[in-house]
Structure formats: C-alpha cells, structure tokens
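One chain, chain A, appears in both complexes that follow, with chain B as partner in the first and chain C in the second.
Then we have the complex of A and B:
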C-alpha cells in the first residue's frame, strides 16, 4: 500500500517535471525560430539598450532652437487631440445604437442581433493601421483620413465593450421595468442606459487615451497631425525638435490619464 | 500541506475571484456628485467634439464624396483581393515574420515585467520601490510605441532589433501594471502564514505568489501577444520593421494597389482571428487545468 502510494507520488512528480521540460523546450524552440525568422540578433539587441540610453541623454532633448517651433507643435498637437476625441465620441454614439441592437437581453430580433455583432467584429479586427492605409486612397493627406481611421477602429471596439456592459448591468432593471408594462424606448432610456452609463463613460475615456496614442502612429503613416511633424523632424535628423514632440505627447497623455482616472473614481466610487 | 491541497485551495480562490478586467458596477444609488460628474463629462466631450469639427482644416475636401469613394474602394479591396507583387507563400512567410516580432517582444516583456511586477506589487515590496516602478511605467506607457521604436532605431538601425526592443518597452509597461495588480489581489493571510513559518521572500514568491496567480499572468500575457501582433503590423508599416505590415505600406504608398491591400488585410484578419481563438482556448484550458 505504502509503496504503491509512494510510486504514485513519484509518477506524479516525474510527469510534472516532464511537462515542465516540454514547456520550456518548446518555448526555447519557438524563440529560436522567431529570432531566425525575424533576423533578430540577441547580442545587438542587448547592446543597443545602453547605446540608446546614452544617445537619448546626449542628443534627445529640446534646446532653444527647437523651442522656436513650439507654436507649430502645439497647433498640430491640439488638432490631433481634438481629432482623437471627436472620433471617439461620434463612434460611441454609433456603438451605443449597435450595442443596443446586438444585446442579448435588450435586442429585439435574433437576425438583427447577429448582424450588428458581426459588423462590430469585422470592424474591431481590422486594425487602425489597415484603416489608415485604406482611407489614404480616398481622403489623401487630410485630417479626415486619421479621423475616419480612428472612428472605424473605435466603433468596433466600443460596440464590443458596450455590449458586455449593457448585458451585464442592464438586464435586471430592464426586466423589472418591463414587468410594470413600460414600453421598449422607456425601458432603454430609463433603465438600461442610466444603469450602464458610468461603465460606458469609463470605456469612452479609455478609448480616448488609446486613440491619442494611435493618432501619432496614424499621423506618421498618413502624413497628418503631430505624428507627421515628428516624422518630419526625425527624418531631417532634427532630434531636438523631435524630442520636444515626444515631451508634449507624454505630458498630454499623462494629463488625460489623470483626468479620466479622476472622473472614474468619482463616478464609480 | 501537500501540493494537491495547495492546488485545491488555489482553485477555490480562483473561482471566487470576479473578472477584474471589467470596471466595478455601482451598487449604491448614484448621489448628486456622481450625476454631476457624468453630466459634466458628457457636456465636456460634446463641446470638444463640436470644437474639433469647427477647427479641422478640411482643405476643401468633400467628405461625403470621400466616403462614397471609400465604399467603392472597399468593394474593390474585399471582393477582388489579389496579390500582384509577391506570391501566397511569400505573404504567409511575411505574416510569420510579423508573428515572430510579436512573440519576441511579448516574451522579453513578460520576463522583465515578472520581476519588476513583483517589486511593484504593494504587498510584496517597499512603498518606495513600488512608487518608483509605477512612475516609470506611467512614463513608458505615455510614449507611443512607434516613438520608442524610432528612438531605438537611431542606436540600433531600422529593423527587427529596434522594433522588438521598442515593442518590448511598451509590453513591459503594460504587463507590469497587469501583473502587479494580480499579485496585489493575493490573499494577505497566505503571505503572512508563510512569513511566520520562516519562508524568505523568494520562497514566498515562487511557492505561493506566482503559482496562485499563474493563470492570470498567462491570460494577460496572451492578451498582450494579440495586441503585439497588430502593433507589429503597424511597426512594419511605420518603422521599417519588416513583415506583412511593410508589404501593406508598399502596396498602399508606392504601388497604389487596392486589390493587394485587400488580400493583405484578409491575411492579417485571418491570423488575428486565429490568434484570438487559440488564445481563448489556451486561457480556458489554464482555468480548467487548475
């Protein structure tokens, strides 16, 4: 009996060890394959970090000359920030409609539910990079390219997020209100939206933060806003001016993060 | 205590935990300050939106014509996708390169974030170390990934090294936050019990903290891998990191080839969905395996 139990225990540990070896071996193999495939050089990778830090301290800071460009930087920064906010808010209106139509608890018809969910899935899985490439064809180097790229990306994500929030918070109060004989529209306006509103706003704020980060990338790709200006200075090796842009972006993202955290704290408590 | 008993304890604890990705639901009736904040936030956002549309420099563009043209382009792209400048196999190979970039950045990010996450968790570290790391994370996250990559490209040259290191930076910032929150949820009693039985810090970390939060760590890491895939596509397009993103950039910016963009988009979409399915399956297995 005792021997049997001990053997079982030994087997358990051998199996566990074998699993661990298998996992680490596989991980090592995949890492090696990935490094070969991407031509990633581990030594160069490690050595570039101190190099980049030294370079950053000695070259990457705003100087007096670059401060002269501050008005230009500020103007494009404001444009990019406003573009991110506008894209998010308009997308959230559309997302709310689609989320209500696609919700499991509030939705009216199975076909409409499926359709609105599928549309959201397609939009969510096409990345903003792809959207900006596609939109570049019809809008060119224009603020609307970035606007619509952010709009489509946010629409997909927010619909998904809103769906989950509404399904989670809205169902009980909606049921109660429906039992009293309230109409469909009043159920939505009086119970579903108010119950989910703090969460919806929380998602909108999160999306604005994400979109400001993405806006820089889109700016580089489509030649608009503060991303374009960064790329311009960077390609002209004007690192002082480029660092000024990084600096103002960091400040604005931190300010927006702080504000939205404050709003969340007051709202959700 | 035998390992099985510990496993059972962990399983029980995991099942009790709510999903922490969703923000909390207000249980109490909203009082006036809450209502006021909501109203002010909504009004503020609406005003900013109006201001945005008024201040945009449209450069005489016809928005509705543009939308119509986009719809026509979308039709060409998605209904007649075709590769002109490379073969199907080559496209597959390029997607694998993008996946490789995402994998390396996620792996390096996870390893670094695991250690820094421990020092940043309030229950395992000193308040000063925690505050310093959290400040650093806030700064790292505030710089967009593409800028990290381009900054590293000056030292390492444009290519996979700069892309992986730059993406690693952002992954570290993201994962430290996620990991340290997972560690902070750890039952206080367990740590105290181990401490009083004479276990040192490393023993507590490796025998209790990491095993009990392992499935959460893994699901956050998988989520970051999915994010890094689309980031890697973007870095290929914007920072010369190679992979399918670069091909897409060429098709759009140089060849003006709508059909090829459509085909590449299908490739990326397919892999993103496959990745999501695989990650979800792995997560479910991890949760059950406990």
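Then we have the complex of A and C:
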C-alpha cells in the first residue's frame, strides 16, 4: 500500500517535470521561429537603443514655437479626458446592474445569472483596440467610435470585477436582510452596495486611469482627441510639438493617478 | 398552550444525493427556549432555515400559528419573515456601516420599496433602536462602525437588529460558535432573558452540550437528519448523548471542557 502510494508520488513528479520541459522547449522554439520569420535581430535591436536615446534628446523636446500650440493640445486633452471619464462612469452603471443580476449569491434567477455573465464575458474578451476597429466601420473616424470602444471594454471588465466584489463582500449581510423580510431593492441598496462600495469605487478609478491611457492610443486610430494631434504633428515631422503632447500626457496621468489615490484614501479610510 | 411552530414529517433533499432532513416532526410552544444539538452536518442549519424559508423544505408541513409556510406566496412570506428574527454565527452585519444603521436594517421588512431604497427611518424607530442598544449594553457604540467592534459586541448588534423587528420568534444559528467563553455567556444570557422576560420564542443551534443543558427549556437532538432526542435538559443522559453524537462523542467532550474552562 505504502509502496504503491510512493510510486504514485514519483510518477506525479516525473510527469510534472516532463510537462515543464515541454513547455519551456516549445516557448524557446516559438520565440526563435518568430524572430526568424520577422527577421527581428535581437542584438541589432539592443544596439540601436543608445542611438535612439541620443536622437530623442536632441530632437524630442518642446521649444518656444511649439508652446504656441499649447491651447490646442490642452483642448484635445480635455476632450480625451472627458470622453474617458464619461465612457467609464456610464459603463459602470450598466456593469453594476449586470453584476447584480449575475451575482452568484444575490442574483434572482439562474437563467438571468448565466445570461448576464455570458454577455459580460463576451464584452470583456474583446479588447478596446479590437472594439475601435469594429466600431470604425459603423461610426467612421468619429469621437463616438472611441467613446463606444471604451464603453464596451470597460463594461465587460467592470461587470466581472463588480461580480467578484459583490459576491465577496455582500452576501452575508444580504442573507440577514432577506431574513428580516426586506424586499430585493432594499437589500441591494442597504447592504449589498454599501458593503461593496469601496471596492466598486476602487475599480471605477482604476478603469478611468486605464481608459485615459487607452483613449490616447485609440485617438490615433479614430483620428480624434490628443492622440490624433500627436499623430498629426509627428507625421509632419514637428517633433517639438509632438514632444509637448507627450509631456502634457505624462503630467496629466500623474495628476490623475495622484487624484484617484487621494479619493481612494478618503473613501476607504 | 398552543404550538407556535409545528413541523410535520418535514424532509429536505439537496440535489439528488444529500438528504439533509428525514421525516422531522416536532412542535415548539410560544415563549419556549429550545436548543438544537447534534454533530456537524447533522442538518441543524437546514432545519432552522426551513422555518423562515431561507431554504425550502422538500416535503411535509411547517406551520407557524397553524398556517403552513410552505404554501405562502411572496407577500405572506415577507410578512412572516418580519415576525421572525435571525441571528448568525458570523453576525452578517454590514461592517462598514454604523451600529445604528445595522440595527435599523431590522425595520426594512416593514418599508415600502422607496423608503427601503433610500433608507428612510422614522424618529420612533431610531428611538427604539437606541433603547434596545441600551438594554444590550451598547449605548457607547451607537455611532461606531461595526468593523471596530469585538465579536461579542457584533453579535449583540445582530440581536438588536432582530429585536427591532418586533419578532415572535428568534432563530439563532450557532450564535456563540465564533466567540470566547465570556462573550458567549453574555450572548446566551441575553437570549435567555429575551425568552423569559419578553416571551419571545428562541430556537438556538448549538454545538456546546453544556450550554444547551444550562439554558434550554427543551433540547432537540439531531443526527443524520433525524430527530433522535426531544426532551428537557433534566432527562438528558449520557446514553442519549451517545445516540445524538454517535461516534463523534469524543469531540463533544472536548467542547464541554472548553465551556467549563470559561
């Protein structure tokens, strides 16, 4: 009996090691094949970094002339920021409804639970860049394209995050309130949401931060916002103006990060 | 006296495999203090939750004041639940909210959807919450957040939330299983007081035999979903305990030791 158990254990570890070798071997092979196919020379890539740095320092800085474009930059930046915040907050309302309906512990009906979870999974698994490409067909190069791309992406992600927060924090007190005879809406408003609130807010802030970064990139694709302006200056070889945009974006991201950390501290503390 | 609660041949099946309760029949008089004891997995929690239909029994009848709760529609079910308080092992409070807010939650069963949604409570209700918290020795804690309380204090908030419902009956599922001996004694004393002085029927799931013997008017012993003992603490013998706990008897000895130490 004991010997048998020991042999089983040995088999288990041998099998596990074999799987590990197989995995790393395959990974190496794929990396090599990809490098060959794309003619990517790693050594050359590395050795070009110092040159790129030198070029960056000598060309990529804002000068007096580019500062004249500051109002334009600011206007598009604000547009991008507002779009990200609007897309996230609206998405979070929808996500909350879907999370409540799909929650394992407080959802109302097994069919509805499954349906709302499935919808959220579909939306979550399509990346925002994929969304913007899809939406480019229907809306064209338009602010709406970026807005909806962010909206759909955030909706999927937030539903998933909210589901977990709610199931983790709200189920015990919800049970107690249901036992007092409280109605569904009361249970949600008085126990589930208050219990999960810090986590929900934390996720929304995280999503706003992420979306502001994404929005800039999406702007290049959809020809809107500060991303579009960057693309324009860059293509016109106006590196000074383009670098101004980069500085402004970096600063605004830092400000936003700082602000949302502050909100988190106040809300949770 | 008339029976407040009556189980008639109640069974509960989870899925196709687990039979949690088998042909359970007993009755509880108004104002009685009843403990349900038995090994873990015997079906104590299931039995208790079948009363206010947090779990639906599979067959049989459960009557409260002569009315079969299994036939209740949504509205009657809600009304029945407002008259039954429930107390949990893990207190089930909203930890981020204040003691006061948690106690007032006990009134939500009486509210319209709008008032419940917005959490609108009347002045009398707040006064009553104050009064109950005073009786339970929590007047200092009224506006504290519940995550700042000790386990024993949290459980007293749980009791206050149940009492403000104005219940006929309290269902307590292992109310002292997470508490130290001193806090346990405080909670059990409060429950006994509620039964004796307020005339509220109290049904408690316990795993400490000593505690059950000390506080109860009657003990119901459950083993593998069946009632194997139903009598007063005075009639309890070690043979009966053997039947209730079966081979797990040794574990109960250890529990008793713990209780006595406290």
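The working rule: the second predicted complex is superposed on the first by the 237 of 269 C-alpha atoms of A that agree within 3 Å, B and C clash if a C-alpha of one lies under 4 Å from a C-alpha of the other, contacts with A are read in each partner's own complex, and residues count from 1 in each chain.
Methods note: a residue touches a chain if its C-beta (ideal position, glycine included) is under 8 Å from a C-beta of that chain, and two chains touch if they have at least 3 such contacts.
Since the structure is predicted, the reported quantities are computational estimates derived from the model, not experimental observations.
In the superposed model, A:232 lies in contact with neither chain B nor chain C. When chain B and chain C are set side by side, the one touching more residues of chain A is B. In the superposed model, A:115 lies in contact with neither chain B nor chain C. Using the contact criterion defined above for the overlaid structures, shared-chain residue A:180 touches chain C, although it does not reach chain B.
When the two complexes are overlaid on their common chain A, residue A:137 makes contact with chain B while staying clear of chain C. By the touch criterion defined above, A:198 lies against chain B and chain C together after alignment on the C-alpha atoms of chain A.
In the superposition on chain A, contact of A:190 is made with chain C only, not with chain B.
When both complexes are aligned on chain A by C-alpha atoms, chain A residues 197-198 touch chain B in the first and chain C in the second. Within the complex, the chain B residues that touch chain A are 22-26, 28, 30, 33-34, 37-38, 41-42, 45-46, 48-49, 51-53, 55-59, 61, 63, 66-67, 69-70, 73-74, 77, 96-97, 99-101, 103-104, 107, 138-139, 141-147, 150-152, 154-156, 159-162, 164-165, 230, 233-234, 237-238, 242-243, 245, 248-249, 251-253, 256, 258, 261, 265, 268-269, 272-273. By the touch criterion stated above, chain A contacts chain B in their complex at residues 27, 30-31, 33-35, 37-41, 44-45, 48-49, 51-52, 55-56, 59-60, 78-79, 82-83, 85-86, 89-90, 125-130, 133-140, 142-144, 147-148, 164-165, 168-169, 197-199, 201-202, 204-205, 213-214, 216-217, 220-221, 227, 230, 234, 239, 246, 249-250, 253-254, 257, 263-264, 266-269. Contacts from chain A toward chain C in the complex involve residues 172-173, 175-183, 185-187, 189-191, 194-195, 197-198. Residues of chain C touching chain A in their complex: 52, 54, 77-82, 84-86, 88, 90, 92-97, 105-106, 108-111, 113, 116-119, 158, 161-162, 165.
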